[in-house]
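In what follows, structures are represented as structure tokens.
Same chain, two partners: chain A is paired with chain B first, then with chain C.
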Partner chain A sequence: MMGAEFVALSLTPMLIGTMAAIACALPGNFLLLRRQALIGDAISHVVLPGIVVAFLLTGTVAALPMMLGAAGAALLCVGMIEAVRRMARIEAGAAMGVVFTTLFAAGVLLLEQSDTSGVHLDVEHALYGSLESLIWLDATGWSSLLDPVALAGVPPELPRMALALAVVTLVIGLAWRPLALSTFDEGYAATLGLPVRALGLGLVMLAALAAVAAFDAVGSIIVIAMFICPPAAARMMTDRLSRQVGWSVVFATLSAVVGYTLAGYGPLWLGYNNSVSAAGMIATVSGLILGVAMAAGPCRRRAGAASAV
Partner chain B sequence: MIWQALTFQLGYNATLVAIGATLLGIASGVTGSFLFLRKRALVSDAVSHATLPGIALAFIVMVALGGEGRFLPGLMLGAALSSGLGLIVIGWMIRNTRLTEDAAIGAVLSVFFGAGIVLMTVIQSMQSGRQAGLESVLLGSTAGMLRADALVIGAGGALVLLAVLILRRPMLAVGFDPDHAAVTGLNVARTDLAMMGLVMAVTVLGLTTVGLVLIVALLIIPAVTARLWTERAEVMVAFAGVAGGLAAYFGAAFSASAPGLPTGPIIVLASFTLFALSLAIAPTRGGLASLLKQSRFRRRVHRRQGLLALALGQPIHESFTLALLRREGLARADGEPTDTGRAAAAKALLDEARWAALRADPAHGLTATRYDGLTPIETVLTPDQISELDRHLPRPQKVI
Partner chain C sequence: MMGPDAVSRQRIELASSARQRQSAAAPPPALAVSGLTVAYGEKPAVFSVDMTVAQGTMTAIVGPNGAGKSTLLKAVLGLVKPLSGEVRLFDLPLSRVRDRLAYVPQRASVDWDFPARVIDVVLMGLHRELGLLRRVRPEHLDRARACLARVGMEDFATRQIGQLSGGQQQRVFLARALAQSADLYLLDEPFAGVDAATEKAIIAVLKDLQAEGRTIVAVHHDLSTVRAYFDHLFLINTRPIAAGPVAEAFTSANLQRAYGGRLGEAQVAGMQADGVQGQDTIR
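Moving on to the complex of A and B:
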């Protein structure tokens, strides 16, 4: 499993999966603490219409228009949620339910109505991606990692995902203090003169960036699962934000690597020939990790709750 | 074509689908409004996504037993079992860990859905060809709907409506005030369970029509639409049923009228169209209504300020105020008050002075909170109280 075949077939999808998982888990920590976990859900749904509209406008599946389209859709979604919530005077959850289902339905309809047969853009792909297909055909073994000719043939999703991860990490690192402050006590942060609204919107945009980049490679299932499960599991482990973020990165990596391995090789070990969906398996493993953390994590209970019932 | 679809002239199958979808829409609108009142609208998102592993497992089991994998009641049973498990997990997470409800919903929906996707790929590799169409549970497809399927959906929808009719009082009580409902002897947990059971039933019934990704829309959007039109819960529930039924009927008919119009998304978009229309024209919460209200308020403020300015002999610079006073015959174009204007101005000034006296008197503390610079004092005090107040006023002055 560790030979040339592994480098060609499994190394790049595994790396892409891991980076996608981490890129989503990082903003997910803050969304979770702000009780906006489902914003991630909404964003990952509206990425689809954004990408479809971008495709219809430009006629290509190039990365930049897709990114812009999806980011635009995320902004539109957040704006519409806020508008529906205020105008109809209803709770945020219901407003969210109205908006993201509508946008997703519009995306599916556009997709069905337009001629996308020439490109791989369909609803199933949008939901669970095609991590398995991101293979590195030019690789002949571990030595290819040092071979510039072979490296030129890595799937374009790899550098794209790496860039997205770098941006997410950099922004969160730079904005760490204001972001943490406004997450825990928005009122206090506002009195200090921090732009809390801009911070909140920026966080959503960052999540959208991570979602778009990851969506392209791995589909929206991983995106939703990684926004929520690793940060939630990390929350069971510690009371400190910095450690929680660290744990969530560990859990995200673990989910991606173990999930991809189980999906690709698990059926073989059991004597079957076909692999199963890697995206689904990564989500499942992240759920199992969350389950273990919820059962045994040192900080799993609410502060002040009885430790034993 | 669309007209034929709406009047059930597209053939037996399309008619069946339209009737089944309408019943489903009514049932989901009605059920969803209780969920919305309970402020747990998005739980339905987790419920619907959590059906997928159950559907896939049911398919695998039925094929393994040598049966037909697409047998709808079997798939529905599997769906109900796994979404029930999802609900139990959400409840456990909220009670036993520090995670909040939104995180629990998100975790359950993504993990269950992921596991479902894994099982779907297992099915794909099991026997080629036989799983054809199982993907339709994701986004709904009525194209291949059988007569038996439509009957199951119709009968299920009717049963859900019957259950709602029986359970509406406890569910409303819990939706409004769970604590008060508990004090009156209602079992809140059991009522919630019944409500969730109904949501689950609607979700499972909607699998083939709307699909599990979008059924949540049919639970939420009609309820929110109905909320715009009324402040009465029973009316709202009925209205949500109508809105859901209409959306599903138009959606199913429209999607049958041309190819490439998937049923689920069309129904959702029809539902949203109703919502958007309501948002524009609904009587109290609608956009038009609030614009009217705002302009009425603006006029009251301008009128009052204009009258006070007249009373104090100050010039009016605001052209809107002046136009308003002129239209009512209270002032002339040069800003001088007419006789009626003088009287109204004196009345406004007196009102203001009485309010000032009232607010200075601690005995009127509670009444003083009603002061907004617009409310005439006669509407909050009796004539006796006003004449008592007037004894503290300074001597009347000549106006202008």
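Moving on to the complex of A and C:
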């Protein structure tokens, strides 16, 4: 497992998985506190119709049109949710559910009808991603990390995910105070002159960026899990927002590293020959972490009595 | 061409006439609402409201449930978009007086499970000073703690907000508004569901603020305390019913008009109004 084989086969998928997990968990903290966690779910589902339409329009599965298609679908989805919520006057969660299931179903139909047999584009790929295939063939060992020729051969998902993570981190860092303030008390934030609508929309756009960038590499299962599980588990660990976000990063990393390792080597340790889906295992581990935090976290007691007074 | 003497004389005249204008005109009202109509969907929540609040007064906005009291406050603060009408604060549009306003929302309007300590919430009141990236310095913390002390909550600074009682949460909200050191305080039901000690503490702080020359406007639902707490009244039931000093506007006839036709509430109002009348006779 160590050395050359690890660097070539496991390091890059593990890194990409970790970065994807963190990029989703960061905005997930705020979405969760705003009771909008489902928006991550919605966005990661509508990515499918987005990339199918992009493929039908351009005829390629190149990264740029795929990502533009996914981002366009995410925007359309957010707009449709808002429209359904206002026009039908139904609760936001229900509006999200209606919109993303409809769009996802439309994506499945489109995919069936279109000729995508020649390219790697299917529902399974959309759900589970292809983390295991993001190997670094040019690597010959740890020394390859310093070798520019070998570095040129890293899977393109790696720099793409790193860029997305950098943007997400930077924006959340810069907008921390207004984001926290408008998440806690939007009306009050507005009276201070904060652009609360833009902040809310910006947060959703940031989540969309993370989802679209992560989707390609790791599939929507991880994206959905990482928007919710690490932040929700982190909430059980602390009563302060900054620490909650810190814990969510720890849990996201833990899920990705432990999940990937278990998926690759767990079955071997148990005597089976095949490995299992890394995306599935990472999502499962994040769920287990949430379970443990809910059972044993120091801040899981909610002050329901106080708000009832 | 004027000589230097003439120029300076003219300056003096200009300056003195400006001073005269200033002293002749009363200070602009803290709040002036004209022709305000707000609707959610088809039905107007606030219809054609004119309202003037002089500086240094303490006004109760009173009316039955669903009468548009909170909506009126929110429209003043720009939180809901009116269909028509104008709001001016200190004779300026809202965008130019944000530093002089402090809003205390209804306690139930936020989720108190939010991961924050009491001091974190009070520091939000300093947001316009701290901005995006300025560090919180000891002097900011000192000011936040002083605001907590004013509402009797200095011992709770590091407590998680979800662990507070309703009255304590309301005091934290008031402390956050105090941190803004505003000239006009707009409060939405500050006494709703709070204990007697909190009610006393809050009214004491509000009276202090008024003594400092600041203006208070509060949505208020308890008719029995209007007289003791406030000096001005604005009665509303979607349309404005009555306005003026409490001594003149707080009459049983006005209350009947505001609450009339609402069973239960009408009875309560009738009862209260009788009490009011009784007081009047005694005096």
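The criterion applied here is as follows: the second predicted complex is superposed on the first by the 303 of 309 C-alpha atoms of A that agree within 3 Å, B and C clash if a C-alpha of one lies under 4 Å from a C-alpha of the other, contacts with A are read in each partner's own complex, and residues count from 1 in each chain.
One rule holds for everything that comes next: a contact is a pair of C-beta atoms (placed from the backbone, for glycine too) under 8 Å apart; a residue touches a chain by one contact, two chains touch by 3 or more.
Given the structure is predicted, the values throughout are model-derived calculations rather than measurements.
> Based on the superposed arrangement, let me know which partner A:Y188 touches: chain B (first), chain C (second), both, or neither?
In the superposition, A:Y188 contacts chain C only.
> Thinking of the overlay built on chain A, is A:R235 touched by chain B (first), by chain C (second), by both, or by neither?
It touches chain B and chain C both.
> One more residue to check, A:Y128. First (chain B), second (chain C), both or neither?
first
> For A:G50, decide between first (touching chain B), second (touching chain C), both and neither.
Touch partners of A:G50: none, neither chain B nor chain C.
> Applying the document's definition of touch, where does A:R177 land relative to chain B and chain C: first, second, both, or neither?
second
> Looking at A:G69, would you say it contacts chain B, chain C, both, or neither? Reply first, second, both or neither.
So A:G69 meets neither chain B nor chain C here.
> Where does A:I282 make contact in the superposed view: on chain B (first), on chain C (second), on both, or on neither?
first
> By the touch definition above, which chain A residues appear in both interfaces, chain B in one complex and chain C in the other?
35, 235, 299, 302-303.
> Considering the complex alone, what residue numbers of chain B touch chain A?
36, 39-42, 44-45, 93, 96-100, 102-103, 105-107, 109-118, 120-122, 124-125, 135, 138-139, 213-214, 216-217, 219-221, 223-224, 227-228, 260-262, 264-266, 268-269, 272, 275, 279, 285, 287, 290
> Quick one: which bits of chain A touch chain C in the complex? Just the residue numbers, please.
Against chain C, the touching part of chain A is residues 33, 35, 174-178, 180-181, 183-185, 187-188, 190-194, 235, 238-241, 243-244, 299, 302-303, 306-307, 309.
> Which residues of chain A touch chain B in their complex?
It is residues 32, 35-38, 40-41, 84, 87-91, 93-98, 101-102, 104-106, 108-109, 112-113, 123-124, 127-128, 221-222, 224-225, 227-229, 232, 235-236, 263, 267, 272-277, 279-284, 286-287, 290, 294, 299-303, 305 of chain A that touch chain B.
> Spell out the part of chain C that touches chain A in their complex, as residue ranges.
74, 77-79, 95, 98, 101-103, 105, 108-117, 120-121, 124, 127-128, 130-133, 160, 162-167, 169, 176, 193
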